[in-house]
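In the two complexes that follow, chain A is the common piece, with chain B as its partner first and chain C second.
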Partner chain A sequence: MIDFVQNCFDGVMLGSSYALLAIGFTLIFGVMRRLNLSYGPSIMLGAFVGTLVFLEFRAGGLAVAAATVVGAVLVGIYVERLCFWAIRQGAAVASMVSSFAIWMQLEEVVTIAFPDRTYPFPPLTRTEPMDFGPFFFKVENLIMFACAVALTLGLHLLLYRTRFGLRIRAVAENPDAARYMGINIAAVTFLAFACASAIGGIAGYLIVAQDGQITPLFGLWATFKGLIAMMLGGMGSIPGAILGGLLLGVVEAQNIWYLGTEYRDLCAYALLFVFLVFRPGGMFGHTLAERERLALRRV
Partner chain B sequence: MLEVRDLDVSYGRIRALRGVSLDVAEGEIVALIGANGAGKSSTMNAISGVVRAAAGEVRLDGRDLLGLPAHRIVGRGVVQVPEGRLIFAGLTVEENLRLAAAAAHDRRVEAEELERVLDLFPMLRHRLKDRGSNLSGGQAQMLALARGLIAAPKLLLLDEPSLGLAPVAAREVFGLIAKLRDSGVTILLVEQNVRQALAVADRGYVLEGGRIVLDGDAKELLGHDLLVKSYLGIRREEVA
Partner chain C sequence: MDFYLGLLQIIGVHTILGLSAYVVMLTGQLSLAQAGFFAIGAYVAGMLTVLAGFHIVPAMLVGALLAGVMAFIVGFPALRVKGLMLVIATLAFGEFVRLFFFNFDYQISKGGISVGPLGGEGFRQIRFFPENGWTSLDVMLFVWAVVITVMAALWWMDRSRAGAVLRAVGEDELAAQSAGINLTVVKVAAMTAGGFIAGLGGAIYAHYTTHIEHLNFGVILATFAIAYPILGGLSNVFGTLVAVIFIQGVLVEGLRFMGDWRNLLFGALIVLAMNVRPRGLFDERVTALLKGLFTGRGHART
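Right, the complex of A and B next:
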């Protein structure tokens, strides 16, 4: 029982990083109704910028974090211009396919620029784990969890307390109506994309700092975890992204403990499969059919 | 105030508008009349920049509007209340209004404008925290009109404001348009309810197959043969 509870704690901490990845994903999907498969790889490239700063200048944690976020945002903007803005009149699937092509391109760039593949990344902290009665917590996990909570609150305030957030929500709900309201849709989309990339960059920094190393495969990993967590919660829903991330984290943590690390990713896919069969819209989302019904009911 | 000259609009190979010219003077209500597919909405959408015109000129107070992106045209003071109302169902009534106000005003003016519009639509004051999805058709149209007015437009484009409304709600909408005219708002009005549109308008244009086939004083148009035969006759049967 103590093991199970401990796993739940660990899972929530792990899941908070998935939740951040999923929030970035869902923000982009919510505003554009388009999937950005290059989301993970752009974070990966940001992390390599962080590594570069670390190796070249022996920089501390904060500078590496800043470099990672700035790198992720710049690459994110590159992806947005190429895969979304340039073909905004085209079909949504065209954006998805081009974001896949850019993913491959980004991986190639990193492989050429960083031929050793695995590079060190400065850890968040070297403090010993803390004991709370029968449970123990790693300090870096607690930092990650705290950052995730703070970022989520910040995003909530941005979306519900500012004019910019109101515009994001309007464009996400109905871009046609937003255009009549005098909203510059291209600008709102661009800024929302940049925000999502920044959130992804912070999430990426926290995760990679935990691992203590970075490889080009991180892009694939981040896209998968973010995508799965988003789909569990419901595409386009921010509460869904948070819950989806936490659920994925807890299920994985239980799996690692009871079945072993090698089943970690397999169980993530199994969980996604179960949801796709029994609740395709996720916990908070609507299926496409429901969405259409809602649109018709719209007064 | 608004001058439209030789406006052409095409959707792929379909030509929706062929050389449409019209004028709206300050303080005037001008009705745009025609059957479904005659090009009424295309004319409006081209003026508001939502649809790109292939050729022609659109000027507001002598300044060119054509080719500007839609949000810049709103900034110039031309606001469209679109067909189907397009209320944000997931946003509250207040958020719907503040969103529209933000396009034209800074924060300080926003609160005043909100008050001004709520005085005009007292019904909305009690529903500020309700979501758009909870409004009836008539209430949603009132919100759509309020959303258009809160940006304090020089020219208001109303696209089918009474479409799909119960007769009582439609009467309310026309009553409001009359009230707006008295307060000096300039309006270009597209309506399928020809009789009521011409009753409230100063002048009218009749569109057919993407061309203006008739224009004139609203009272004269009401008695015109073409209109009586094509539109008012059918209307009369429908009403009966």
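Right, the complex of A and C next:
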């Protein structure tokens, strides 16, 4: 029983990093209704920029974090211009395939610029794990959890308390109506993309700092974990993305403990498949039938 | 010479893979599970020739049938969702298959060495072709015989009622349903056919590379599979073939002199192609133009 509860705690901590990745995905998907497969690789490139700053200038944690976020945002803008801005509305598949081609590009850039593949990354803290009765927590995990909560609150305020947030929600709800209201869709999309990249950069920094190293494989990992967490929660819903991330984390933590690491990803994909098939809207999205009824009402 | 024969084999196998995605795409669905069906065909056929001593043709058919059955089983639940959700559901299934083979061990001892799939190490020594004295030319001809069979079957299907039904569903599901078409039957049938074709491709792939491992069947291969018909357009099967020649022959091989920088240009060219021709290289206009050139009727139909 104690194992089970400890696994749940570990899972929530692990899941908070997934939740952060999923929020970035949700922001992009919610506004554009398109999938950005390059999301993980752009975060990975940002983390390599952070490593570069760390190795070249022996910079501290804050500077490395800033470099990671700036790198992720710049690469994110590159992806947005090529795969989303340049390809007309409606061609969602062309965008997805293009973003995948950019993924290959980004991995190649990293392999050329960083030939050793695995590079050190400065750790968040060096403090010992803390004990609470029979349970223990890693300090890095607690920091990550706190950051996830803070970022979520910040994003909530941005979306529901500012005019910019109102514009984002208007575009997400109905792009045509938003255009008639004089909203510059391209600009809103661009800024939402930059926001998502910045969130991704912060998430990437926290995750990579916890691992203490970065490899080019991180891009694939981040895309998949973020995608699964987003789908579990329901596409386009931010509370859903957070819960999806936490659920994925808890399931994985239980899995690692009871079945072993080799089945960790297998079970994550099986969970996603089951969710997509039997509850396509995720935990927080509408079910398919409800969504169709809503669509009809709009007509 | 062997280099070009090898390249022709690669183009052939990728054409089969692209056509398997093409069938599903005709119904308007996008499946990233094709790499998974490809992997099932590869492992099953490889195990049959290596462990059970089958000839390549029955082994290939059994592998393809099994892949088709898996596609049928997956198709039913998966086709409850559509669009991007289906892309992700099939992606999840494809990765599930890959990770299954990553954990899959089944080895027997044969002539003092143990053969068979060994988890992350992969499945080595699928030596049906060299053991039976097939030359590269024989293998290439065999690959293309299968490619031409598949293409001819799809070409014929496109001209029969089945093709019209598939395209009707792809064009407008609601209208197709009103015309009395059972959407589930059509989509699951397309998925099953796609799985079968992908399984054929996988079976051949396993035998000419002689060594397969789970990494060969990842999301990269799945994306290539759908990229061919997207790039080639859905007007007819030749679009896919042209796209495979363009990607595998021109981009992958032709850019080899660029060394490490190849993928950079590769990505840029794909993005450019998608920007210029979002409906594929061979879209309706190009097809009509070519048809006009060959039948001498000029721009009669545009």
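In this section, the second predicted complex is superposed on the first by the 289 of 299 C-alpha atoms of A that agree within 3 Å, B and C clash if a C-alpha of one lies under 4 Å from a C-alpha of the other, contacts with A are read in each partner's own complex, and residues count from 1 in each chain.
Keep this in mind: a contact is a pair of C-beta atoms (placed from the backbone, for glycine too) under 8 Å apart; a residue touches a chain by one contact, two chains touch by 3 or more.
Remember, it's a predicted structure, so these values are computed and weren't measured experimentally.
Q: If we overlay the two complexes on their shared chain A, which of chain B and chain C does A:D176 touch? Say first, second, both or neither.
A: First partner only, chain B.
Q: Going by the touch definition up top, name the partner, chain B or chain C, that contacts more of chain A.
A: Touched residues of chain A are more numerous for C.
Q: Is A:T111 touching anything from chain B or chain C once the two structures are fitted on A? First, second, both or neither.
A: Only chain C is touched by A:T111; chain B is not.
Q: So, does A:V75 touch the first partner chain B, the second partner chain C, both, or neither?
A: In the superposition, A:V75 contacts neither chain B nor chain C.
Q: Quick one: is A:L266 in contact with chain B, with chain C, with both, or with neither? Answer first, second, both or neither.
A: Only chain C; A:L266 stays clear of chain B.
Q: Please write out, lowest number first, the residues of chain A touched by both chain B and chain C across the two complexes.
A: In chain A, no position sits in both the chain B and chain C interfaces.
Q: In the complex, go through chain A and note every residue touching chain B.
A: The touching residues are 163, 166-167, 169-170, 173-174, 176-177, 179-185, 294, 297-299.
Q: Which chain A residues qualify as touching chain C in the complex?
A: 33, 35, 82-83, 86-88, 91-98, 100-105, 107-109, 111-112, 220, 224, 227-228, 231, 235, 262-263, 265-266, 269-270, 272-273, 276-278, 280, 288
Q: Using the touch definition from the top, list the residues of chain C that touch chain A in their complex.
A: So the residues of chain C in touch with chain A come to 30, 77-78, 80-81, 83-85, 87-89, 92-93, 95-96, 99-100, 102-103, 219-220, 223, 226-227, 230, 260-264, 266-268, 270-271, 274-275, 278.
Q: Where on chain B is chain A touching in the complex?
A: Interface residues on chain B, with respect to chain A: 48, 50, 69-71, 74-75, 79-82, 85-91, 95, 98-100, 102-104, 132-133, 135-137, 139-140, 147, 151.
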